[in-house]
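Note that chain A is present in both complexes that follow, paired respectively with chain B and with chain C.
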Partner chain A sequence: MGFFDEPFDLTTAAEGRVEGIAKVTGGGKYAAEYKVNGLCHAVLVGSTVAAGTILNINTNNAKQVAGVLGIITHLQKPLVPGMANEEKIKEARFGLPIFHTDKIYFKGQPIALVIAETLEDATYAASLVTAEYKEDTKIVDFNGALASVSLTPAGKDRGDIAALNNAAQTIEAEYNIKAEVHNPMEMHATIAEWIADDKLKLFDKNQGVNNVQRTFAKLFNIPVDNIEVISEFVGGGFGSGLRVWPHALACIMAAKLVKRPVKLMLTRPQMFHSVGYRPASWQKIKLGANADGKFVGIHHQAKNGTSFYENFNEGITRVTRLIYHFDNLKAEAATVPLNLSTPTWMRGPGDCTGDFAIESAIDELSYKLNIDPIDLRMKNLALAKHPDSGLPWSTNYINECIEKGAQMINWKDRKATHSQNVNGDWSIGYGMAVGAWNAGRGTASAGIQMQKDGTLTVQTAMTDIGTGTGISMQNIAHESTGISKSKIKIELGNSNLPPAPSQGGSNGLSSIGGAVVAAVAALKLKLAAYAASQNEAYKNATAADILMSDNGISFKTANNQFISFTSLWEKNKLAILEVEASSGPGTERQKYAFCSSAAHFCKVRVNRKTGKVKIERLVTVSDGGKIISEKAAANQMSGAAVGGIGMALMEEQATDERLGTLVGNDFAGYHFPVNADAPIIEVAFINKPDPNINPQGSKGLGEVGIIGTAAAIANAIYNATGKRLRDLPITPDKVLLG
Partner chain B sequence: MRPFLFSKSSAANQALAKKNSTTQYIAGGTNLVDLMKKHIAEPESLVDITSALPAKIEPTAKGIQIGAMVRNTPLANDPTILAKYPLVAKAVLAGASPQIRNMASTGGNLLQRTRCPYFYDVTTPCNKRKPGSGCSAIQGENRMSAIVGYSDQCIAVHPSDLCVALAALDASIKIQDKSGKMQSISFTDFHRLPGTTPERDNNLPANALIHSIEINENAFAKNYAYVKVRDRDSYAFALVSVAAAFNLNGDQIVEARLASGGVAHKPWRWLEAEQYLKGKTANAATFEAAANIAIKDLRPQTHNGFKIPMLKGAIETALQQCLNP
Partner chain C sequence: MLGALAFIPRGVKAFYEEVKNFIVPQKEQLPLTVSINKKSYAIKADTRTTLLDLLREDLNLTGAKKGCDHGQCGACTVHIDGERVLSCLTLAAMVPGKEVTTIEGLANGDKLHPMQEAFIECDGFQCGYCTPGQIMSAVACVKEGHTKSVAEIKEFMSGNLCRCGAYNGIVESIQKVAAK
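Up next is the complex of A and B:
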């Protein structure tokens, strides 16, 4: 609660990012950019078949290449104790047992690793490694394999969906979304160096250094503290860095083999099968409402692709239980194993997929009922409590998001009937959709180091993957200490710093904010203890009694009587003050439910002759509680909205069933939006603190920015053209033939 | 990539003297370097020809000459091109990305290889990459493939936008051989159809270099358009593209040009539709009739039937845009 006692005036916030200058001047070091003495390079060789068994691997030609230092295969490798046998591999839950199996599960699966003095030598030598396989039947076509798995219940039924038979209007439809690939700008990379036999140092691209540390401690059977993981700058993640992937292990094995530091950076084509992706999905929705628009119930069925060596369930139907109240609900799901690598969480995982189907169906229903899609949603929002758990929402302003967004886009300009707004070959339409996300919080730690001159260094192991964690920590530290921002330095993304959860699931700021507040409280108490030697009154001071500023510390009740930091340091012969504190969720989680939400509005132009869709306007209004750093938050939202444009209009990882291969797995073949495809995204926030979630009152925003965007776009295309397109991405061909 | 020797030539004859079966020329390298990284091209030596060939745009007695080493960006910004051959600039700017256009040369643009995904995936059969291995696209992902002029050996399309405009404008290509002799090939005869030799993209002799492109003065600087339908608005190859141009006498079309990218193994001229447009009134009905002529004998693949209505729409759109370029 201490935080709300502090003045919190963001109008004074110097915007930007603490790491901004380093980033734009090239001073910031990404994983692959560190200079390490004696560094050599490793390049992966992928399987050329999608299913089968390796019969033999020929490395003779590769070994002839000058500069080659070693080659790892499943036959010749340094020992990884955590993968010593089948049982241990299972127990490790690492995913692909890289170099510990002769089985091939997908095309591109690493079968060898070539280590050489230079990247060029390693790359060339890797191209000379060949293998023979016993090929098995392969399946990579999700839609073709769909029917082979049956649905099972996804959570408890509510009521009885037989009630849908009595609904005034129903929609029953299927929705298909192609696989999408994260493709952060920075390719995944690791530099591994064994400092001693049991001591490892890693520069690694990931979203959580402590997760990397724990994973390798287990695999190599060494203490967690013996592994240092540095991920100070992360060039985007979108979920691809939430797991520890096989290439990082391969790099560590290589360093062990050649007894030198090794760098392994994935190539862009390797990124498509090495670090997860959003799996292809199929959904069927049956949704019904009474004539007055009250929902009767929903039947939501979903399947998503997975690999043959792991089961990844996206949780597509989870969002069905979050936004609206349904008296009758049934959800079912299944996963479809394919000869592809394992998918993983990608921005708005599950919810983003499920929400597309639900929000498309609601839009379709609104036309059938002849009720404005906004009104239809408003009638059915679960605004008081979480519809599944029954807990009251701590805060839920999704209705305000809708109202504000409707105003911003001039929703009244929308025609209630489709195809009514025409300008030459172009048809204009408006669409909207909402999204929500269970707002979480994890336990995180932060530390503060304070110097005599009143400067602070605030530290955490948490990574900043571009989300603005650093600037937000600075803002929170500034607001709770009164110390000028220019005197607050942020250090993060290093496992030697106070531990924190991974940056993901919209939990980052929600988790670390409380830790910074707790560390500030600890700092104030420590300062008060030293001040007590000068002024007895400080002896029993609580953190809430203490005011800090660049002038020193004081009692709140007598705030002009500052004891300067200089005198405090000199009197007590201090060098540096250090505190560390943890903070996490508590009993409020039993009392309340928490969600972030957003409403997305879109105005499109659709060319009837060419099928081209142009997004004219995209408005996104979100409830992320108190906005800590508006620029960073808005940047999150517009980035997510552009991701939503990609999902809606162009992102698609094609596969070839006959050859068992990904098709077009590079930036020319896999399209995500460029600036020309996106208008300036119009972002607004409700900006009301959630008083229960964490001390700073902020709820995570990363996911809700994309949950609902694709449906808003598809709904706008329908409003423009009368074409209800239920398969993503909506490329020009689908518009034309739809 | 495979290690290679690198040298620079400052004159065409010097470069030609270095050429043998394991040598390749490099200019901007925006396609070749990709091909080398993927082991599709594995030259033992590379000869940099950026100083060996003209990099200027110059007037000639009959029109204009574009040096083979003129990069895409200056080509699109050249005042004479913009004033007299604006279709060329429009097509160039529809292609690639600014970074690539800053590097890519005019000659290289003509010689770029197809972007068929199977051509780039060395683990799959491809007759163009490995003659006789088969065509993966015919039974595979052929959304981007040809709808006209293809064979049972190859259904790849030529990726260039510039070439579509040059074909429409009846440009010619000046070729220089070892002896310094110049020869001219008409643009529409330069690129080939796949037939039984899909590995050959064009008719450039093995011992020759593209010296320059020539375009004659024409009457197409006023009513012209380049329409490119693609999956995203920059850095994407055409699903279909249309270069259109005509000159008018009042509202009567005197002469028309109509060519497409994304439909065939070479830039494709719609000659019958051009013929139809001659003497007709420039209006929507005429444009639709011309589009219908263009699409009448097309044979799409399993996944690109959409290209027919899309092409029809793109031709109508382009012809309409010619009225208000």
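Up next is the complex of A and C:
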């Protein structure tokens, strides 16, 4: 790969993100903020029961409200061809067949949509819609329903876990984690406009415009290219935008019905049951080691909640196969259907949950073995190859993450027994845990438009959900062209631009980076081809031979044969030079395994009288390969750590079995960390490029930032108090009673 | 009157549902003159319209964000007569005679407010959705003098949620401006 021959040495940018000014001035437009002529508003009405059948819906009062333009119910709706019958609904795999069923699967399930001139009219009219139901028995309590499903194998066994019977020390314990809700600050919203009978324009909040395009092309039986999806600014996602959800379809149906553009923004309470969540989970771990600390084996069992209309398997035991050597391993899993909406991937999906159990159990084992938790891990890390596939890691610096983190937090200050850690009403403790994530890469495309003055516009359909895709693309384009950053514009989040995979699973930068590099190579070749008309030497030039600068191109060699862009443009009568290229994974995936990893260290204070846990320090060191944009990467990692604090100490979607309802579906009832809940997060990177994953050598960071954080905190609480708390979130009551 | 009460169905909720069947109130519109970012707007506003919806839906000033519509997140923070206020908990009808400043009115023409510059420099955001609210609060936080320590900044900025968790950069931005 030619690109790697060049020095890839990014200096930390003093300037901010490409979209910085738009974000600090309020100029950036998020999905619900576009000015569209003739726009009207839609508001969803939710079911008031959790299970049953709709008998009738009364919309008479709602219709009387001035300004109401139309009401959609399952009885009265514009046709969605892809949901015309049971069979098609199954085929579509869309999830909830909104307005195409009289069945109620969860409380809040949309049963009607009111469309009106103003948001106030629509909101008021929606409050007047009533329905009668035939109620069925409902079940929303995950722990109550656990026993009703049995486990099945999750992947191949390794060896025989009967070996655990001979282990010197074993830990056998259960772990419960409450459901968590993504709750990006921007509520999901869609503006839908039918430009023609078969042409649709959407401003939509999502993490992948091409995915949205494909989904609705299928449902409405129209060509993919007839749908334009714009998601230039996305107010957070964390996984909630990786699927296309029913409210977006509802909005499109509404636009069809009233023949006008329609806006639908979910309310915050609706966000809790409309766009997925991390399901509640139960796990059981049996882990054993020899007296010297070498792991003998692990038995990992896991169950997670799902809905009655779809099966969502979290993949909780996947991470068990990733980080350590276990000669003997058995993993089993099951899903537990509930009268709730379908869960979905949320930051560090599956792994973050599974990792909490494993890393808690290893910590517990370290005390039993009387071995430092760091040493115990170091003895057992699978540093050479992926334990399952047997492929060598392309790179894996998880051990270096641990070493660096230990240094940063002064691990040597940690005292192994909690009685040594008392300080007045407070106890102080240290904990650590690691996390890893299979590092992926998808095929993505990027385009470049170049002007005579050397200005570049680099384009992709990929969205930037806040991860820094834009600034990273700019950095890569700058690094591979030599053109100043101020002359490189970035355009993204629009389905008219070159296609790219969704922004998720830590694959965004890994995928798009290669595409930008490929597009730059294509641009260099195109420039060389034009230059050849002025200078024969350029005839057989390869992209790797060519150097670009702000003003022109030349050869890398001493006799550089510089040609200015101005002369190139004038001689060849060029207007704009355009290239597009795609790039994706190749045979390296058969030769190597890829992972990102992280080590998290935490120092806590726990108040013995109130049970309050205060995170005093949180250190997170990660191996994400080459860091392309240091500030954005550090921001990702500290943000993920804040998410980890939420998971560990406060996030909990409670349910009420009697009413079949979610409890606390707003920010008063569902807490995630505010500024004062988090310390200044200390972030560091190993920052060594992975030479095989993609041209720029970056492995992706979004997930590993949160995988292991909760365990590090729980382990620190144990170190402080001697209380092993295995149920998340660890609220003060659990600390006091534990 | 007493006779009518005899017909009240069981429970207040049921009664309310009954009433809704007889009276569907019509909306009222009020003529208002409001001053936003030193510009005066003569408008007719629905009496139910919040300042936030007035800004976002009617005036195309979408810098103030809707993150909850319940006064729980701070994304909609604006200044009214120089103090931070949640525009989702403020009715449009409450602001005539007062000066409203939104994020769009913070910069001086092309020249960004120092807090806006600091947020860019310190990367005080990721997705940017909470950012206008954070910046409006941050400007007020500095003015209020609640910047003596990291802990104090964190405390007085805790009404502005950031799900991306960009709190490191937010605190750093405020420290930077407060030090000036």
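The rule is simple: the second predicted complex is superposed on the first by the 729 of 738 C-alpha atoms of A that agree within 3 Å, B and C clash if a C-alpha of one lies under 4 Å from a C-alpha of the other, contacts with A are read in each partner's own complex, and residues count from 1 in each chain.
To be clear about the criterion, a residue touches a chain if its C-beta (ideal position, glycine included) is under 8 Å from a C-beta of that chain, and two chains touch if they have at least 3 such contacts.
Source: prediction; values computed, not measured.
Q: Pick one for A:G235: touches chain B only (first), chain C only (second), both, or neither.
A: The answer is second: A:G235 touches chain C but not chain B.
Q: Have a look at where A:A640 lands relative to chain B and chain C in the superposition and call it first, second, both or neither.
A: Second partner only, chain C.
Q: Under the stated touch criterion, which partner chain does A:T661 make contact with: chain B (first), chain C (second), both, or neither?
A: After superposing on A, A:T661 lies in contact with chain B but is clear of chain C.
Q: Scan A:G466 for contacts with chain B and chain C and give back first, second, both or neither.
A: second
Q: Would you check which partner chain A:E120 touches, where first means chain B only, second means chain C only, and both and neither mean what they say?
A: The answer is both, since A:E120 touches chain B and chain C.
Q: May I ask you to decide whether A:P673 touches chain B, chain C, both, or neither, giving the answer as first, second, both or neither?
A: Both partners, chain B and chain C.
Q: Which of the two partners, first being chain B and second being chain C, lies in contact with A:G28: first, second, both, or neither?
A: Touch status of A:G28: second partner only.
Q: Tell me the contact category for A:P691 with respect to chain B and chain C: first, second, both or neither.
A: The answer is neither, since A:P691 touches no partner chain.
Q: Contacts for A:K631 in the overlay, against chain B (first) and chain C (second): which applies, first, second, both or neither?
A: second
Q: Between chain B and chain C, point out the one touching more chain A residues.
A: Chain A has more residues touched by C than by the other partner.
Q: Can you give me the overlap between the chain B contact set and the chain C contact set on chain A?
A: On chain A, the residues that contact chain B in one structure and chain C in the other are 120, 124, 666-668, 672-677.
Q: Considering the complex alone, what residue numbers of chain B touch chain A?
A: 1-3, 39, 115, 117-118, 120-121, 123-124, 136, 139-141, 143, 227, 229-237, 239, 304-307, 309-310, 312-314, 316-317, 320
Q: Given the complex with chain B, which residues does chain A contribute to the contact?
A: My answer: residues 48, 107, 120, 123-124, 127, 425, 607-612, 649-650, 654-656, 658-659, 661, 663-664, 666-669, 671-677, 731-733, 736-737.
Q: Under the touch definition given earlier, write down the residues of chain A that touch chain C in their complex.
A: Residue positions touching the partner: 14-17, 19-30, 32-33, 35, 61, 64-67, 118-121, 124, 128, 130, 182-187, 233-238, 265, 267-268, 465-468, 631-632, 634-636, 638-643, 666-668, 672-678, 680-681.
Q: Any idea which chain C residues touch chain A in the complex?
A: 17, 20-21, 24, 26-27, 46, 48-49, 53, 56-57, 60-70, 72-73, 75, 102-104, 106-107, 112, 116, 119-121, 123, 125-132, 135, 150-151, 153-155, 157-171
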